[in-house]
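Attaching a single structure in structure tokens format; questions to follow.
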């Protein structure tokens, strides 16, 4: 093949890639990354099945939950839990954070059931209510106290600011010893966080919403930043299948770090292969 | 503009300012029946408005297509009604079908958007060289690049942050703090203009500053 | 039949299929997939709208019990909440232009939404007071970066010293970019891993582990 | 010193914010590059050009974004640029009313349908923005008031993103990224943003794809100064000055207190 035909063929491929592969222009490499995420996850699970499950470094915020619930037990005060605004539905891109939050809730509710600490759950996400109720009910049943579950501990508010005002009221009226806010938090993070500081509650907060991270760190005693909330339920249940998800995420980070380093070096030497690939 | 005289508008602006002060009494004083009244009135009104908006959403998004003969919209309506099996123990499991559906939609949307915008595009932006660079631009480019790499290393979960990772993760923490401080500062601007908006409204209604 | 439909695998499979379709549509230029995905999203909005009823049941469960038990300091407010809700809903469904509904919408609902949105202004102040203390190097960086942005955003910064806005502009435009990029990036990595577990039916946390 | 009753802080802030409204300080507002870039871009447009004014922010964010919206709209009208308005927030009609009452030229100098047009509300987020980029007419069949698009000469000219000379997206969320992805990267349309302050941190990710950005009420105040017509943004800037100064003072005091209590220990 001469150089000319090669370049004609390459041009043809480049121009018609969308028709040939049907991949939307500009999203090709993203698709590769997604497929790789699946493959990494599969490999990590296979390793876990062979007993080579990766260890996760300690997550201080998750370790703090037991202690916090213990404190509520001693003081005889309730635990307050809420998942944030999260666009008020599971069907938005905030949905996974709400699910992750409910995963952590199931652990917290189990502790509350065991030590007979009342739990208050405030939310404005209507379509998560069935999952929340089921999670709480199951947690109480697993502790052998199904009759102790009171569905009235779930409080629904019809919107974000409504939820903020209700939480403010709840704090002063019922004085929880612990405040946990984990999920798709928005402006409520700083309001709820400071209002909980006023009543001296121990606070554990977490969100993958970058814009709220400074406030979670500022107001909470223990903060889960970014992806830590997705790792939370895996961390407490010590489920090897799920910890492998965290390992595969780590591999993805390392891969993309490597691409960044390589790409930057190539760009600096005038070769733009990587940036072209990323734009594919 | 002059101070409003229309009784409907006048009662409205006074009601909104009084309710505002009732809410701020929580912050400036403490939780009292005054705050409780504002809180419950607000939630009550909002619940009602949510029902009305929900009804309007359903009319235009579901009932209208059905009346035009598009029967596929019966499917989400049936799925939506299945949620109401929740209070009944024997059939409660049925409510998982609509949930499984919306969880699928939310998860799908979240994944697809974030791979592209938050992962691949960020790597691309990190390695994009400055255009028409001055020496200071090269410094900025390298600074951002190093900040990105080191702070990402802080988020490696399966390695303890010792040995080779010790210095990068420490540097990474500093870079994250730089970013969070900047975000904090900008949020303050936003919140202060919101709060000053309310203060201005209060002053206006009380006639302390002219209506405009 | 019901024993099959009750199986968790079937339900989880539905999540996987729906999620998979949303992903497929995004990456592949197939017109039919785009149409199906747009329909599915509309359906999801409709289903979520129905969930509001569950919210109202949940709220009434709490407030009815307060009224029944005559909870001190609360039952009266619960009764007011439910009564006003019924009144306003009936009016709103009948005619949203009716003066009572329209007046409440503007002067109670919109006004209080803005009020609560703005309440952050107070709390962010005390949060800054608490958080911005030089406990260690990290905190020092946070404070310096935040303060430079404050002095950039408010013209008073330039009035104090000409250098503040220049430094603030650098933090905003250059300094913070790398760290912010990382936060964006790692949140997505965690989300994708979690999403994959959800779609493959391996993330059971949110099902409470129950049947 | 280290632990003050929070309510003292809240009262100080509440009163401090009121002072500049009663007794304005009028500190000058220096112009930043991002704002000037937006101004220069609008200044370069004329009666032949079409600007899109996209509203993706609610009434509750008015104190932050309304000054910029009004100032930019006044500038567009002064340059006689044709304006297409649409939005993604359910309460945006109130916002459009606010703009038209502050920019009376829209009803006097401008002819509705030919010089400016309001297409109404659209649901669907990013999907909708992407659809509009390639085909406006398949998304909008009529304007807000039910007039079919065939009878609106201006919207007849706007078939896709390619027919728009500048996108101004008013934004309290992520719409700026949608416009960058689908209008700028996809079709090459210049995009500028009227945003809340926090967006600055994320928008600077895309320096090459953005004309400029009005950062919150500060951006609005700068723009008011540039068009030579002071308004709400400039008034609020005094409150911003006072409150930001308070923040600096309080942080300094807190740290002095902190260092002193540590010494005692």
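Residue numbering begins at 1 within each chain, and the chains themselves are lettered A, B, C and D in the order written.
Here is the rule we use: a residue touches a chain if its C-beta (ideal position, glycine included) is under 8 Å from a C-beta of that chain, and two chains touch if they have at least 3 such contacts.
Small disclaimer: the values here were computed from a predicted structure and weren't measured.
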| item | value |
| --- | --- |
| Neighbouring chains shared between chain A and chain C, ordered by label | B, D |
| Farthest-lying chain, centroid of Cα atoms versus that of chain D | A |
| Chain closest to the middle [Cα centroid of all protein chains] | B |
| Chain-chain pair with the highest tally of contacting C-beta pairs | B-C |
| Distance from the mean Cα position of chain C to that of chain B, given in whole angstrom | 5 |
| Distance from chain D to chain B - Cα centre to Cα centre, in angstrom | 18 |
| Whole-Å separation of chain centres (CA-atom averages), chain A against chain D | 31 |
| Residues of chain B engaged with two or more neighbouring chains | 23-24, 27, 36, 38-39, 42-43, 46-47, 49-50, 83, 86, 96, 102-103, 105-107, 109-117, 119, 122-123, 125-126, 128, 145, 148, 152, 155, 179-184, 186-189, 192, 194-198 |
| Shared interface positions of chain D, touching two or more other chains | 6, 10, 13-14, 17, 60-63, 197-198, 200-202, 205, 215-216, 218, 240, 243-244, 247 |
| Contacts with 2+ other chains: residues of chain A | 27, 30-31, 34, 37, 89-91, 96, 99, 127, 129-131, 134, 157-159, 161, 165, 173, 194, 210-211, 213-215, 217-218, 226-227, 231, 246, 249, 253, 256 |
| Pairwise touch network: line, ring, star, complete, or other | complete |
| Chain B contact footprint on chain C (complex, rising order) | 6, 11-12, 14-23, 26-27, 39-57, 59, 73-74, 77-78, 80-82, 84-85, 87-89, 92-93, 96, 99, 101, 103-109, 111-112, 114-124, 128, 137-139, 141-150, 152-154, 168, 171-172, 174-189, 191-192, 195-196, 198-199, 211 |
| Partner chain A, residues of chain C touching it in the complex | 23, 26-30, 41, 44-45, 47-48, 51-52, 54-56, 58-59, 61-62, 65, 73-74, 112-113, 116-117, 119-120, 123-124, 126-128, 130-131, 142, 180, 183-187, 189-198, 200, 202-203, 205-210 |
| Sites on chain D touched by chain C in the complex | 4, 6, 9-10, 13-14, 17, 27-30, 32-33, 59-63, 91, 94, 123-124, 127, 197, 200-202, 204-205, 207, 215-216, 218, 237, 240-241, 243-248, 250-251, 254-255, 258-259 |
| Parts of chain B lying in touch with chain C, wherever the complex brings them together | 8, 11-13, 15-17, 19-20, 23-24, 27, 33, 36-52, 54-55, 57-58, 61-62, 72-73, 75-77, 79-81, 83-84, 86-87, 93, 96-98, 100-119, 122-123, 125-126, 140, 143-148, 151-152, 154-155, 172-189, 191-192, 194-198 |
| Residues on chain D engaged by chain A in the complex (per definition of touch) | 6, 185, 198, 202 |
